[in-house]
């Protein structure tokens, strides 16, 4: 007996609930090993309208059960993405969403317009939660009005699914969640990285050249689970859980807590096959509990 | 410096000098640790290392039969051209040089190896070439001074060691092929964590386009200096 | 040559920069092993004016490099604290601060008045950041006006040092820090626990009976370092760093980042001697770098 | 069930039945893991365990010579009174019973031990008393049913096992001494994580006032049931 893993997420039909998280799977062309049939979908590395160099090294520091990164959204810009990557995506059997970034709502809108309708691009994940850029990024993420403004700017320019990725660095994620829901988001992704720092005791200054970085990995999972659960309780649109998911059990905790799907990030660095392991692990868990489909999994989601 | 070996037939037969493997293990640190392949012998892959932190300490504490997840071969290795090859290594920069000597000879080149270290005690015992020179900072063995200063001239120059040593190589041999060290997240090209600053501006990935670069192409001033290699030479 | 480890923290002279964090050292009477000469000071378990039962078990879940706790501020109330513990504290050679809690600014004030002047009580740490109580707690911590109101209520009732303990669950810790500084706080303590959750896949519900708990331990250190650094940049009063500190190097990162002292919490569960190890470890680090006193340690504290 | 031993002279000589040690080790989980002392032999302390999660699995993977940090003896053990002692254990609840038998005899009591398990295979081989009874759920050995049902009467009743078994003990012997299991943070009384709900209201600490309680004093309904003990009986 095989288990039905398909899910409907904010306007997209996915063959499975496990997606690759933005910035941890490149443009989907890099990692050779992955068993791609397990991939429910992929979110490409965050991109701006124009090319960006990114931050100087060091960009990475390991921390207890986690890591700090300050990549600075290095990327080739929209034109190269359309020219070099989208055509490849168009030939794949799973949807690719583009993680879009900007320094103003207008710029988010412009980028959306440039990418809308390009074959291979199945939807957008609005990044209003990147801690590693001077302008924009996090700023939009912790102000409900700004978050809504960005969401509207994107919503106006496309009929494709629009997901909004939330930051954990807020006092009440429900407020932001409701704001972007009313602004027209089809789904929410929670969470992006926390902000963290590490000091080099030889140089007496931060290890990262950007000084701070985004904290990801198993260390943040309990917070991510709580916040994605809070978001799911606050809105009616689906929530995709993200944060420290390394194995099937981790993923199932998010699904039980009310997420319709999940994204795997840092775990892919540890094992290029992490996504496949999570996908098949969920399937055998469901089977072992006698559930015929993902929809049968019991949920814990008291409404606010 | 210590050498540890692991069974990895596919890697052992396909690896080229300058490529690396990314190692992970149960109860180890979260992220894998990259190591140049030092020797490839039958179905065995060997790496040479020194304890500089938690990962290397744990690796050196392993016992025969313990399991390591070994990902590779990764990155772009050295290109072998020309009939006289000069290998320059500093400290742990010795790591890719045994294979480099092997591949250079296989390509029909005459191999001269210059290895530099702080003291004679730090020198690698296994330096292997048709002609081997030593250089120590304190003069306790061979030439007193840097390996770069001690080296003769040559067409094909391959170097590995602390980034500041490679910067010196770039001065003298702009076209030298150098294997750089960076911190790495994934080792597979997806995280952009291993950024190498380029003279033409921008960054690329030590784990994909590198770790071997044309010496003049790298903006040495912008690379971190305090990496483990530096701690060992 | 011995190193001068003494520090002046928000009105208190401490023989060393390492304190025991509230809730992880009980009332100072429980742990037998600790080498107490290393203790710069201690903050007692959070207390309310009246006795509290606390939350039902399970109260603890382990997480990657961390733990969740939901104790619910179980405690005997002010009168028992004054009767049973303060007299012991009065005989000790290090200061004891009381971690005070309330459901309203008035209740914080009342508790302060009850404890002010009691021999053995050297100062107050205002807890406006406990995630494990239904009323108060976190609520006061992420609203600058509420935080200031609580601080004033306490300030009015005592001339002893008043420290305010901040929550990480805010979008801008600098705003809260400045608010309580102007309300009369003598020092800030950053940070309290994050909020986290863990799901029991046998029961399909949260493992903790309180559903969520406070996340502590090494996992949160990079965030704690960043936030205590941000707080230190935002105010002129001293900041005490807290969060995931397990060894001397961890503590020194906080000191370099601008903290005048640090607190050790969860690490005490792992090793009852953690505080002594951190204290003596800092001393030998300073010695190895040729510094004669803690004051000589280079700091990284660009002003906002 | 497996037994592992460690050198801990002070603990071995001072431990009493029902007390526990809190174990931590390099590269292990963050928090220590509490285990009843199973046997104390010369300078050795032994614990009995089964792999139920990450910590117990790692402990069972240890090799001779590995180091464990062993904190103890912790908690309040059994009080030995009376001339006829009845020991009741379920699954891993066997843990404190070898010492209990030892101490009861030393106190001049006659010892009857009833051990219950799911099947004969789960039974502890080392049950030791002047009189030993078995009980298995499937009747594959000894009495078919629970250890509690199988047990004769007695003045001094000492029990350890899944909380639901101890609840049954409380029904039949209100004054029985039972060793409860809880999740623990510190094991030393400072975190209040090991709360045991009391009939008189409120909670106290399994690691300080416990783990041994008078059966009627505990509010069994409010104790978690899915702890590792339960997973093994």
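Order of writing sets the chain letters: A, B, C and D. Residues in each chain are counted from 1.
Assume a residue touches a chain if its C-beta (ideal position, glycine included) is under 8 Å from a C-beta of that chain, and two chains touch if they have at least 3 such contacts.
What you are looking at is a predicted structure, and each value in this text was computed from that prediction instead of being measured.
Q: Chains shared as neighbours by chain B and chain C?
A: Both chain B and chain C are touched by A, D, going by the contact rule given at the top.
Q: Just give me the whole-number Å value for how far the CA centre of chain A lies from that of chain C.
A: Centre separation, chain A to chain C: 33 Å.
Q: Return the distance between the CA-based centres of chain B and chain D, expressed in whole Å.
A: Centre separation, chain B to chain D: 55 Å.
Q: Roughly how many whole angstrom separate the Cα centroids of chain A and chain D?
A: Result: the chain centres lie 46 Å from each other.
Q: How big is the gap, in whole Å, between where the Cα atoms of chain A centre and where those of chain B centre?
A: Once rounded, the distance between the two centres reads 35 Å.
Q: For chain D, give me the residues that contact two or more of the other chains.
A: Chain D, residues with two or more chain partners: not present.
Q: Two-or-more-chain contact residues of chain C, please, as numbers and ranges.
A: Counting only residues that touch two or more other chains, chain C contributes 65-66, 217-218.
Q: Among line, ring, star, complete and other, which one matches the pattern of chain touches?
A: Ring.
Q: Under the stated touch criterion, can you name all the chain pairs that qualify?
A: Pairs flagged as touching, ordered by label: A-B, A-C, B-D, C-D.
Q: Name, in rising order, each residue of chain B that touches chain A in their complex.
A: Spelled out, the residues of chain B in touch with chain A are 24, 29-32, 69, 71, 182-197, 201-203, 208, 222-224, 226.
Q: Hey, which residues of chain C end up touching chain D in the complex?
A: Listed in rising order, the residues of chain C that touch chain D are 23-26, 30-32, 45, 53-62, 65-67, 69, 71, 74, 200, 202-203, 217-218, 266, 268-272.
Q: Using the touch definition up top, name the residues of chain B that touch chain D in the complex.
A: 27, 58
Q: Contact residues on chain A for chain C in the complex?
A: Against chain C, the touching part of chain A is residues 63-66, 68, 142-143, 169-172, 194-199, 201, 204-206, 212-213, 215, 217-223, 225-226, 229, 244, 249, 252-253, 256-257, 285, 298-300.
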